[in-house]
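Shown next, in C-alpha cells, is the structure this report addresses.
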Amino acid sequence: MLEQLPLYQQAILTLAAMVLFTSFALLAQSRVVSIIHIFAWQGLLVAVTTALVAYDSGKHDLYLSAIMTIALKALFIPWLLHRLVKRLGIDREEHGAEHPATVLMIGAGLVIFCYYVAQPIEQLSASVTRNTIAISMAVVLLGMLMLVSRSKAVAQVVGFMSLENGLFFAAVAATHGMPMAVELGVAFDVLVAAVIFGVFFFHIRDSIESLDVDQLNRLSEQDE
Amino acid sequence: MNDWLLALIELILFVALAPLFSAWVKRVKCWLQNRRAPALLQPYRDLRRLFAKQVLLSHNASPVFRATPYIIAGATLLAAAVVPFISVNLPTAAIADVIVLAGFFALARFFLALAGMDVGTAFGGMGSSREMTISALAEPAMLMAVFTLAMVAHSTNLSTVIDQLLAQGLVLRPSLLFALLSLVLVGIAETGRIPIDNPATHLELTMIHEAMILEYSGRHLALIEWAAQLKLLIYGVLIVNIFFPWGIATSGSPGALAIASGVVFVKLLVLGVLLAVGETVLAKMRLFRVPAFLVLALTLALIGLLSHIILEVG
Amino acid sequence: MTALYLTLLIPLLASILLGVFGNHRGAAAFNMLATLAGFATSVWLALIVLQQGPLGGEAGQFHIDSFNVYLIALTALVGATTSFFSTPYMAQEEANGRLGPGRLRLYHASYQGFLFTMQLALTTNNLGVLWVAMEGATLATVLLVSLYRTPESVEAAWKYFIVCGVGIALALFGTVLLYFAAAHVIPDAEHALLWSVLAEHSAQLQPVVMAIAFVFLLVGYGTKVGLVPMHTWLPDAHSEGPTPMSAVLSGLLLNVALYALVRVKILTDGALAAGGMHSPQLAGNLMMGFGLLSFTVAGLFLHRQRDIKRLFSYSSIEHMGLMTFAFGLGGPLATFGGLLHMTVHSLTKSAIFIAVGHASHIARTQSIEGIRGLIQTQPAVGWGLLIGTAAIAGFPPFGVFTSEFLLLSATMKSHPWLTVPLLTGLGVAFAGLFRHLHPMVYGERPEGQVAVSANMWPVVLHMVLVLWLGLAIPTFLADWFNQAAVLITGKGLL
Amino acid sequence: MSTSLLLSAVLLLPLLSGVAAFATDRQPSLMRWLVFPLLGLAGLTAVGLGGHVLLHNTIETFIYAPGLPWLHWHFRLDPLAGFFLVLIGIVTSAVSLFGPGYVREFEHGKQPLSVLGFFTGLFVTGMLMVVVAADAFSFMVAWELMSLSSYFLVVYQHQNPANRRAGFLYLLMAEVGALSILLSFGVLAGFGDGFSFEAMRAAPLNLTWASIAFALGVLGFGMKAGLVPLHVWLPEAHPVAPSHISALMSGVMLKVAVYGFIRLSFDLIGDVHWAWGVALLIIASITALFGVLYALMQHDLKRLLAYHSVENIGIIFMGLGLSMIFYGTGYPLLGTLGLVAALYHTLNHALFKSLLFLGAGAVLQRSHERDLERMGGLLKRMPWTGLFFLIGCISISALPPFNGFVSEWLTFQTALQVPNLESGVLRAVIPIAAATLALTGALAAACFVKVYGIAFLGKARTRRVRRSSEADRGMVLAQALLAVLCLLFGIFPTAAVNAMNHVTRTLTGETLSTATANGWLWLTPVSADTASYSAPLVFVGVLLALLAWALMYYVMRPTGRVQTERGDTWDCGFGPLSPRMQYTSTSFTMPIRRIFAPVWRIHEELERESQPGLPLEPKQIRYQVHAEDVTWKWFYAPIMQLLHATTRRVSRIQTGNLRHYLAYSFVTLLLLLWLIT
C-alpha cells in the first residue's frame, strides 16, 4: 500500500525509519564520539522532516522550528558535548552497555510494543500518522532504554536528548507542529537543559573523579 | 412492731448462744479425742476475763488498730441480724440480702487484715496475706453457692429464700446438694477451722487468723473472739436453716417460736457434732494445698449453679 | 488583567535583577520585597476574581477560575513567608561559610525564577505553556539542589534533573498526543492546546488517544508530584538543597504538578465519559491506585529515616498520595477534601520545613540522632516543630484533620473496603513521624547546644491559618472549593 | 439563666483558664489565684448545668458557627450528657481544689507552668465538649482535643524517658482508636444522610453493618477505656502524668470513653443485638480479672491504681454487656437494670479513683515516693490523707455501706435475673461472668489491704517517708469532698437511681421505676421480695452495732480504773524489730502469685552477697519480682516485628542508583500502556 501514498508521505516514512535506525545505532554504539555524531545525524533527520512537513502543509512557522532544530540538535548540542568530552578527556572512552545484545533485543521488542499500543489510533486518521506516532513513541522509549542501560553520564545525556528528538518528531510528523509559543518555550528549555548538563559534568567529575553515575549512590537507603 | 422486737430478741439470742456453740464443738472434739473437756460455759468466762483485762497496745499501733475490733464485731453483729434464726418473717432480713451479708464479712475481714499489718511485725503481714488469699477464693465460692439458692428461690433475701424452699416442700435438687457442699467447705475456710486453720495453735507456719490478732489483748481480743464465735454460728445457722428449713417458725405465735427454737437447737447440736468429727478425722493442710481445697469449693458451687440453670430451669 | 500580569512580571523581573545584582548586600531584602509585592498583587487578583468571577475569557492565553485563583494566592503567600525565613537562614549559612556571595546571587535569582514558573504554570491557559513552565521549574531549582556543591548535593541534583527531565519529557509526549487528538475537533490549531477550549470540546476528543495521552501525562507530571515509584528524586532533592528550597518544593511545586494532573484529568474524563473501549473511570482509577500506593509506601519509608529533611519529604509524598487518591476518587466530597488538603498541606509542610531549618542550625546537623532536646534549647522552634507535626499528622483542630475527615467519609461512602488501607496507612505514618520526633523535641538539652537567631513568625502565621481552616472554612474559600469541585466533578456540595 | 449561656460558659471557662495559664510564667502565684479557680468554676458550672438537664430531663440542641460550611457544630444537651457533665464537673472541681497545692513543686521545675495549665484547661474543655457534641465532626474534634492535650500532659516532665515512652505509646493508640471511631461513625453516616447525630439515629442499618459499626466502636472506645488487650497505654501513661492529671485521666477521661460507647451503641445504633452483649460480656470479664491480677503484682502505687482502672472499666462494661443481652432478648426492664448498674459504677469509679489518685499525689508530693516497698506508717504522718485514702480503698473494694458496693450489688442483681432467659447458652455464660466478678471483687479487696497496709500502716521503711508530713489544706479538702461523696452515694442510692432513670428513659424509653418503688429507704431492683437493700438502714445499723458493743464493754467493764498501756510489739524474744522485717508488697502477694502463676510473665531476680568464708550466711539478699504484661508478647510484639520487616523490605526500593530509578519510571510507563490497550 506504500505505493498509493503521495511521494512526500513516502519520504516521511523513510525518514521515520531512518530516525528509528539512528536510535538503534545509539543503543548499539559504545564510543563516545561516535555516539555524539549519531545523535547529530538524528537531529538533522528530525529537522529535515520538519522542513518537509512545513513545505507540504504550507505552515511557514515550521521552517523556523526546523532551523531551530538544526541549530540546536544537529549543531550546538553535539558541538557542546564534543567540546566537553574533549575537555574532560574522555573522548576515547567506551561508554557501552553491559549487555548490548540483550539491550538491542529489548529495543526490538519495544518497537513492536509501540506498534501494538498505537494500533487503536488507526481508525481515526491516515495510517501514516499512526505509524509515525508508533515510530516516535518507539524513539522515546528507546531513548529511555538507553538512559537505563548506560552508566556513563554523557551517554545518558545523549539518550535524554534523543528521547526529546522522538518528541519533536511526533510533534512534527503527527500534528504538523505545535503552536509557536510552545515551540519556542520547548526550544528554550532544551537549550538551558543542555547548558546545565554541561555544568553538571564538571560537578560530577569533581565529586567522584569520573562520570560513572553508578558511583553516585551515597544517598541509598538500603541497610548497609 | 413486735416483728422488730422479735428480731431484736433473736439477735440477742444469736449473740448469746455463739460462745456456747463453739464450746459444744470443742467438747465433742474432746470426747472424740479422749480428753477432758472444759465446761460449756468456759468461753463466757474467758470473755468476761478479757473484758476486764487491761489493754496493752504496741507503740506502733494506729487508730485503725484500735477501731478494728469494734468494726469487726459490729459487722458480724449486723450479719447475724439479717440471718433468720428462729422465725422466717424477719423484718431485718429485708435491709440486707445475702450479698450484703457477704459484704459484711468482707468488711470485717478487710479491717482484720489491716490490723494485722498495722503493728509492723512479720507475723501480722503473714496472717493478713494468707487470710486475704484464702478469702479471695472463698468469697466467690460462697457467692456462687448463694446465687444457686437465689436462683432456686428467685430471691436473694434470706427469709424469702427460706419461705420459698418451705413452700416448695421436699424437692431433691442436685443444685442445692452441690451448693450445700461448697457452702460447708467455704464455711470451714472462712471460720478458720481444721483443715484450713487451727484456732488452737500459735505455730507460725500454720497460723492464719491467730497471726493477725497476735497483738490484741483485753477487750479488743474479747470482741474479736466473740465475733469469731458469732461468725461460726452464723454459718451454722445459714446451713441448717436454708438447706434444712423444716421446723423454722413461719408465724409469730409463741408456740411456733418455741418449737422452732427447739428444732434449731437440735439441728445446731447435730451440726456441731459433725463439725467436730470432721475436725478430728481430718489433718491440717499445708498452706499451699488450701487453694486446691477452695477451688474445689468454687467448682462445686459453679456446678451447682450450672446444674440448676441447665437441668432445673425450663 | 493588570493584576495578573503584575503577578507574573514581578518575579520575572526580580529574578533577572537579582541575577545581575544579586551579590549586593540588599539582595535578600529585595527578595523579600519582591515576594511581598507578588503576594499583594495576587491578593488583588483574587479580589478581582471574587468580584467578577473567572478571568481570561474564552480563548485567552491566561485563564483564572476558582480552581487556580486560590492556588495563586497560596503560592505567593508561601513564597513570601519562606523568603522571610530564608533571609536569616541564608545569612547564617553564609556565616557558617557554606556559601559565598556568588552562590547567594544564584540562590536569589533561582528563587524568584522558580516563583515565576509556578505562577506561570498556574495562570496559563495553554497546556503547552504549562509544560514549559513545569520544565522551567525543574531547571530553576536544579542548581539550588546542588547549591552546596557537596558530593551528596551534586548527586541529588543530577538524579533530580535526569528523573524529572525524563518524566517531564514523557509529559510533553502526552501533550503532543493531546494536541493530536484536539487537532481533529478544533479547527483553529492555535487554540487546540487552550485548556478552556479543550474543556468545552472534551466530549468529542478521541477516547483512545486521550487514554494513551493521559498515561504519559500521569507518569510525567506524576514524577513531579512524587508518586511512587517515580518519587525517587524527591527525598534526595529535599534533603540536600537549602531548607527554604525544600519548603517551597514541598509547599508549591508538588501542588502545581498535581494541579496540572487534575487539569488533564478533567479533559480525559470528559473524553472517556462517552465510553468506548475504556471505562469512564480509567483516569480516576489510575490516580487512586497511584495515590494509595504512594501513600502506603511513603508511610512505611518514614520509619527508617535518619535525616530529618528526608523524613518530612517522605511525609510530603504520603500527603500528595492522599490528595491524588482524593482527586481520583472523584465526587464532590472527596474533591473538596482534596482541594482543602492541598491548601493546608502546603501551609503546614512549609511551616514544618522552616522549623526544621532552624532545628538543624541549632543542632548543626540534619541527622535525627544529632538533634536532641529542642524544647529545652529553644522552645519556639521545638514547639513549632511539635505542633506542626501534630497538625500534619491529622490532629484537630488543625485543617489537615478536616480534609482527611472529608476524604475518609467520602471513601466510606463509595469504596468502604478502601478505608482499611487508608486507616492502616495513617496509623503507620503517624507512628513513623512521632517515633523520630519524640527524641528530637523532648529530653535534656545536649552539652553546648545554644539557641540561634530564628524567625518563627512565618510558622506562627501558617499554623494560625491552618487552625482557622480547621475550625471554620471562610465562605469565599468554601465557595471557590465548591465551584472547583463543580468544575472537576460536575457536581457541587453546597 | 438560659442553658445556652451556661453551655457556653461550661465550654469557655476551662479554655479561659488554659489561656490564663500563659501569664503564670511571669507570675506563678496566678496559678493559685486565677487558673485553678477558673477551672473550679468551670467544674461547678458543669455540675449545675448537668444537674439541671438531668433532673429536669430537658433535651435541647444548639448550633454553633464553627465547623464545615454545610455542617456546623451541633451541641445537644440531654440527660445522658447531663449525667456525664455532672461527673466531669465534680472531679474537675476537686482537682482544682487539689491543684494549687500540688503544682507548687513544679514552680521551680524544668518545665514552665504555663504548659501544664494551658493543656489542663484544653483537656477539660475537650472532655466537656465530647459529652455535648451532637455531630460526628465536632465529636471527633473534641475527642482528639482531649487525646492530644492529655498527651502533652503525659509528656509534661519529658526529661525522664519513661514519660516520653508512655506519651508516644499513648498518642499512637489514641490515634488508632480515634480513627476506628471515625470509621464507625462513617458507617452510620454512610447509611443515614450526613454526620449529624440525628441523621445517624435515623440511619437504617442491616445487622451486618450495624455489627461492623459496633465492633469498630468497641475497638475505638475500648482503646481509650482500656479494654484488654488494648489497655497497655494505661498503666504506662497514668503513673507518669502529674497526679491531679492522673486523677482526671483515670477518673474522667475513661468515663468519657464509656460515654462515647453508650452514645454509640444505645443511642446512635439504637436496637442492640444480644450477641454483641455476649461478646462484650466476655471481653469485659477478662478485662476485669486481668486488671485486678496485674494490679496485685504492682508496687508502684500509681501504676497499681491504673491497673485497677482497667479492672473497673471491665466491671462497667460487664454491666453494659448484660444490659445489651437483656435488651436484645426482649427484657427491657432488666436491660435498664444493667444499664443503671453500669452508669452507677461509672459514677462511683470516677469518685473513688480520683480520690485515690489525689491521695497518691499527696503522698508522692510529701514523701517523693511512688514505690510501695519504700513507704509505711504514713497514716501517722498524714492522718487526713490516710483517712480519706482508707475511705477510697473501702469504696473501691466494694464494701458496704460505701458506693462501690451498691453498683457491684446492682450488677450482681442483673446477673441473677438470668433464669428468665430462654437460651441455655446465655444462661450458662452469664453466671460464669458473675463468678468472675465475685473473684475480681475479692481480689481487689486483697489488693487494697496490701496497698493500705503497706503504705499507711506499719513502720516507715525509708527516711524520706519518715520525714513526710500532712499535705496542705486545699489538697486535703479536695480529698474530703470526694470521700464524702463516696459515702453519700453509698448511703442514698435511691436518689441516684432516680436521676439515672431520666438517662435511661431518653436512651431506651425504659425506666427502672421498680427500683425505688418502696420509697427512698429501699432499693429494690426488680421487686421487693426478689432483692432489697436499704443502705441508710445498714449505715444506721453499723452505728447501732458499734454502740451496742460499746455498751457491752460498759456493762462488763471491770471495777476500778484500767487504762490502756503502751508497749513494744512482740518480737519473739529476738532483739528489736526493724521496719525491714515487715511484710513487703511482694511478699504479701506471694501466695496469690503462686496460685495464678500462668497469668503473668514473672521475672524474678535474686542477688545474694555471701560473706567471705560463710557461704551459708549471706550478708545481703535482694529479691525483685517484675510481672510483665503478657499482651506485649502475644499481641504487640508480633505487630512491631511485622512492621519492622515490612519497612526494611520497602526501603530496598531506594537503591541510590539512578538507572534503577529510571527503570522504575520506564517499567511503570510500559505497564500502564499495556494496561490500557
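Here the chain labels run A, B, C and D in written order, and each chain numbers its own residues starting at 1.
Methods note: a residue touches a chain if its C-beta (ideal position, glycine included) is under 8 Å from a C-beta of that chain, and two chains touch if they have at least 3 such contacts.
Predicted model only: the values in this text are computed from it and were never measured.
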Selected pair, greater C-beta contact count between B-D and C-D: B-D
Chain centroid nearest the full-protein CA centroid: D
Most widely separated chain from chain B, with each centre as the mean of CA atoms: A
Distance between the centres, which are taken as Cα means, of chain C and chain B, whole angstrom: 79
Whole-Å gap between the CA centroids of chain C and chain D: 44
Euclidean distance of C-alpha centroids - chain B vs chain D, Å: 35
Cα-centroid distance, chain A relative to chain C, in whole angstrom: 31
Touching two or more other chains - residue numbers and ranges from chain C: 158-159, 162, 166, 170, 212, 235, 301, 304
For chain A, residues that touch 2 or more chains besides their own: 117, 120, 144, 147, 156, 213, 216-219, 221
Of all residues in chain B, the ones touching two or more other chains: none
Topology of the chain contact graph, where touching chains are joined (line, ring, star, complete, other): other
Which chain pairs touch, all of them: A-C, A-D, B-D, C-D
Contacting residues of chain D [partner chain A, same complex]: 648, 651-652, 654-659, 662-663, 665-666, 669-670, 673-674, 677
In the complex, chain D residues that touch chain C: 65-70, 110, 112, 137, 140-141, 144-145, 148, 155, 158-159, 161, 164, 167-168, 171-172, 175-176, 179-180, 182-183, 186-187, 189-190, 195, 643-644, 646-648, 650-651, 653-654, 658, 660-662, 664-665, 668-669, 672-673, 676-677
Chain A residues touching chain C - in the complex, by the definition given at the top: 117-118, 120-121, 123-125, 129, 133, 136-137, 140, 144, 147, 153, 156, 160, 163-164, 166-167, 170-171, 174-176, 178-179, 181-182, 185-186, 188-189, 192-193, 196-197, 199-200, 203-204, 206-208, 213, 216-219, 221
Chain A partner contacts - residues on chain C that touch it in the complex: 61, 126, 128-129, 131-132, 135-136, 139, 142-143, 146, 149-152, 154-159, 161-162, 165-166, 169-170, 172-173, 176-177, 179-180, 183-184, 189-190, 192-193, 206, 208-209, 212, 235-236, 239-240, 277, 301, 304
Complex contact set, residues of chain C against chain D: 158-159, 162-163, 166-167, 170, 211-212, 215-216, 218-219, 223, 228-230, 232-233, 235, 278, 282, 286, 297, 300-301, 303-304, 375-376, 379, 390, 393, 395-397, 401-402, 405-406, 408-409, 412-413, 416, 419, 423, 426-428, 430-431, 434-435, 438-439, 442-444, 470-473, 475, 478, 482, 493-494
